[in-house]
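Order as written gives the chain letters A, B, C and D; numbering starts at 1 within each chain.
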Amino acid sequence: MAKWSAQRERLREIIFEAETPAGRFFDVTLLWCISLSVIAVMLESVQEIHAVWGDFLYAVEWVFTSIFTIEYGLRLWTSRKPLRYARSFFGVVDLISVLPSYIGLFVAGGHALMVIRVLRLLRIFRVLKMARHIAGADMLMRALYSSRAKITVFFTVVLTITLISGTLMYMVEGTHWVDGERQGFTSIPISVYWAIVTVTTLGFGDITPVTPLGQLLTSALVLTGYAILAVPTGIVTAEIIGASAGNPTSEACPSCGVHGHLPDARFCRRCGGKLD
Amino acid sequence: MAKWSAQRERLREIIFEAETPAGRFFDVTLLWCISLSVIAVMLESVQEIHAVWGDFLYAVEWVFTSIFTIEYGLRLWTSRKPLRYARSFFGVVDLISVLPSYIGLFVAGGHALMVIRVLRLLRIFRVLKMARHIAGADMLMRALYSSRAKITVFFTVVLTITLISGTLMYMVEGTHWVDGERQGFTSIPISVYWAIVTVTTLGFGDITPVTPLGQLLTSALVLTGYAILAVPTGIVTAEIIGASAGNPTSEACPSCGVHGHLPDARFCRRCGGKLD
Amino acid sequence: MAKWSAQRERLREIIFEAETPAGRFFDVTLLWCISLSVIAVMLESVQEIHAVWGDFLYAVEWVFTSIFTIEYGLRLWTSRKPLRYARSFFGVVDLISVLPSYIGLFVAGGHALMVIRVLRLLRIFRVLKMARHIAGADMLMRALYSSRAKITVFFTVVLTITLISGTLMYMVEGTHWVDGERQGFTSIPISVYWAIVTVTTLGFGDITPVTPLGQLLTSALVLTGYAILAVPTGIVTAEIIGASAGNPTSEACPSCGVHGHLPDARFCRRCGGKLD
Amino acid sequence: MAKWSAQRERLREIIFEAETPAGRFFDVTLLWCISLSVIAVMLESVQEIHAVWGDFLYAVEWVFTSIFTIEYGLRLWTSRKPLRYARSFFGVVDLISVLPSYIGLFVAGGHALMVIRVLRLLRIFRVLKMARHIAGADMLMRALYSSRAKITVFFTVVLTITLISGTLMYMVEGTHWVDGERQGFTSIPISVYWAIVTVTTLGFGDITPVTPLGQLLTSALVLTGYAILAVPTGIVTAEIIGASAGNPTSEACPSCGVHGHLPDARFCRRCGGKLD
């Protein structure tokens, strides 16, 4: 019994850790399997390849799905806290990485969702021990997170602008150029979609203004967009500079609770009390 | 009479404040009504939906317009200073949110302007008590406002560049490629519109240069554009960094001479001595 | 004779200065004339308008050209140093603002160059006494100027990348998709033009990759472009922050010649000598 | 024998250095040859020019290839450490600049690779003694290099997002709009290509969403893209600011306690006392 448990512990180390040679070998093999299975799914969607290699890729798909299903089972079994693993980010990703194949048996085309396996590749950071990379990602996440209030406001403003300018374009382009039917700006939702495509300077060109007034409005919209879209860049830049340099810390004064002290502060700037 | 006035006061609290449960309920209901009415207007503009649900959506429009008209009346009546409310940002928005329906009775298509109701949704920040969000928006506005001189200069420069390069393209593309008629760059205003679309890297592709010289000029224009368009981003970023940091001041501590204190500092962070 | 000279002086004040009411009136009238003449040139290029209003706009053009020719003569005559004025930025602009009309007598279409008159509108900053604006423009110019070394390097790198990736695309897209004729990437210069349009994220869509390898290269190019194009934004932002905040000054130490001291420096940080 | 060696040394100075008049003349001539040969290759690819000037340009190509082959031989021969030169960046570039002509004898179209000669033009920085420029390039490289961890994370995130959103679009656009054949989003690889084109706001418009759900997803993708693409700009800006400022350190003066000295400071800028 103890031997059994020890074996499970050894397996756990191989599967969840990347410290031992065996664990490292397992992780690298896994990353290759994931990459190959994602590539297989992508290739299968190309008609010319599907016509010739369809059966082979179908087999490959099920081989990888079997491997990943077994792996998921082993992870659940060897994990010390299976529920916690199952609910973690990678636990959920591991599960939904195998589901699409089974769903594909019932729903046509559903197996394309297998591409979600690519999320499992994010494990690569752990395998390569890229502590620097994770620190970088962490800093980015914190920068984005601490800007969330400003980003929310920003998106609200952008959506309001696109809704209103989309509607204006719908009216302006609609009154002219009937030609039997409306062209391009056929409805408000499509005009709003166009406004988003325009304000972000994406500019597909599938819908374009043809009336002089519409072109004037477009010019105004895209120039306004430029001033507005400088804002998220500015926000994120300010956060990154703040995070990487020694900007006011979040440490609070033990006497009065004020925070936001400079990194070299020894005394609270509001009450004069000593900081830790 | 006093009871009447008290009732008006209670109604005012419900309508204008979001502190009491009733006030909160009123505001949330209102936000749902606004969202639904905006969605209804958008859907009505889609021909396929209009064909089937046209009458229903027409009814919905008038229900919401009635509700908002009554609400506007109540706001005017319960407000302590009705004129001040009527002239405030939200007062004007509330009024022009109901007008398009009535205008639509006389002018075809005019009711699409109802989408302006979306501006009323900005009240959401108050309902959700997102003080942080309002602070964020406020900071953005101040950053943009204090950059207005630079932004004006920037727009003047961009317009001058687009006017001149648009005219150049009109001449360059016009001398070649006649083919019976001019193509693309058919007039200076359209060429200026094209130059704006190009310099902002929007690039619809509805008008594109076809002569070698035109393509050379386009390359030069878009690369110049890149150097120029880095400027508003830089301006806004500099303002945001300046505004968000509550940047250390250059004031020095009278006791120890250390400087670089935060703007709200009352005590030196190095020696704990009192600042002026 | 003295009276004559005094009159010339009075005229000079009206034409060149904006301090007296008469001078101000002259400048505002001039700005209106310039705006109207630019608009007239633009409208004349629109075929539908030209068909109806052609003769009228032709007359307008010559009225304004006469006014500007007389004005240029007066400026030359009243200026204290006519040669210096003639060689100054506005002197040259004033001259080339009237030339296109006369050139248009001999070369068809040449009068469209009159749009260059829009440069004269830059005088608006002086008329409106927008000292703030000029300071802003000045700061921008200095920020761009002090970044010129980095910007030169940046453009060299971008041109090298676009030349090489354009040629690669020419070869990749050329070997496939013959279909009787090459499509899109028909020559290296056009492919380089495409690469510039792509790397700046302009993306007209007049030429697009159709081979899988070409699409892969395009993806790599635009993602690389993103990392590279963050650079000018970063450069300009850094300069603007440096220019607006109190970054190291360019003042040199009188003792040892070291410069780049902080704005509050009283002693040289290298030799300890006193600064002015 | 010694004379022979001295002659080789003299030749080495002319070829590798730009200090002597002869060396300078050699370098400037070389840059002109490179520019002309690159322009010749580009012009040769234009069909109309090839038809008329093909033979002439073919001759030009071989003249320059001969010159560059001899030059490469001389560099190898005169260099003190030929192997080290052959393996250096410019050594490799010099070699692959002449190879395409010879390859072109066997593989049709291969000589277009000669455009790679443009890399040799980077020598211009040395010839013009643009120490400033090289310092600028150096700073940029260091800024990019020290950001490599964050940039890697950024690209991983972008690729993951484009893979998943590309697959989603493939499914969404595929279920609708069959019309005999799928349109636009015909396979996952093409959809991923589209997602990259979209998220970078390139927006060719060769493939565009036509279903309402696809347009909604596109809007979400491009807005998300905006928040994400602000990140590399922020990273690079932060690095440039950090690198260019020689930012004040947090070290304090032992005499007066003032801190925020420049990194190369040896004396306190406030009291003139010696720093550690």
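FYI, contacts are C-beta pairs under 8 Å (C-beta built on N, C-alpha and C of every residue); 3 or more make two chains touch, one makes a residue touch a chain.
Please read these numbers as outputs of a predicted model, since none were measured by experiment.
The contact pattern of A-D recurs in A-B, the pair among A-C, B-D or A-B where over half of the contact pairs coincide by residue number. Centroid analysis (C-alpha atoms only) places D farthest from chain B. Averaging Cα coordinates per chain places chain B and chain C 29 Å apart.
Centroids built from CA atoms put chain D at 38 Å from chain B.
Looking at chain B, residues 189, 201-205, 233, 235, 237, 241, 259-260, 270-271 sit in touch with two or more other chains. If you check the complex, the residues on chain A that touch chain B are 149-150, 152-154, 156-157, 160, 163-164, 167, 170-171, 174-175, 186-189, 192, 198, 201-205, 208, 212, 215-216, 218-219, 222-223, 225-227, 230-231, 233-235, 237-238, 241-242, 247-248, 260-262, 264-272, 274. By the touch rule above, chain A contacts chain C in their complex via residues 201, 203-205, 233, 237.
Residues 38, 41-43, 45-47, 109, 112-113, 115-116, 118-119, 121-122, 124-125, 130, 132-133, 135-137, 139-140, 143-144, 151, 155, 158, 189-190, 192-193, 196-197, 200-206, 229, 232-233, 235-241, 244-246, 263-264 of chain C are the ones touching chain B in the complex.
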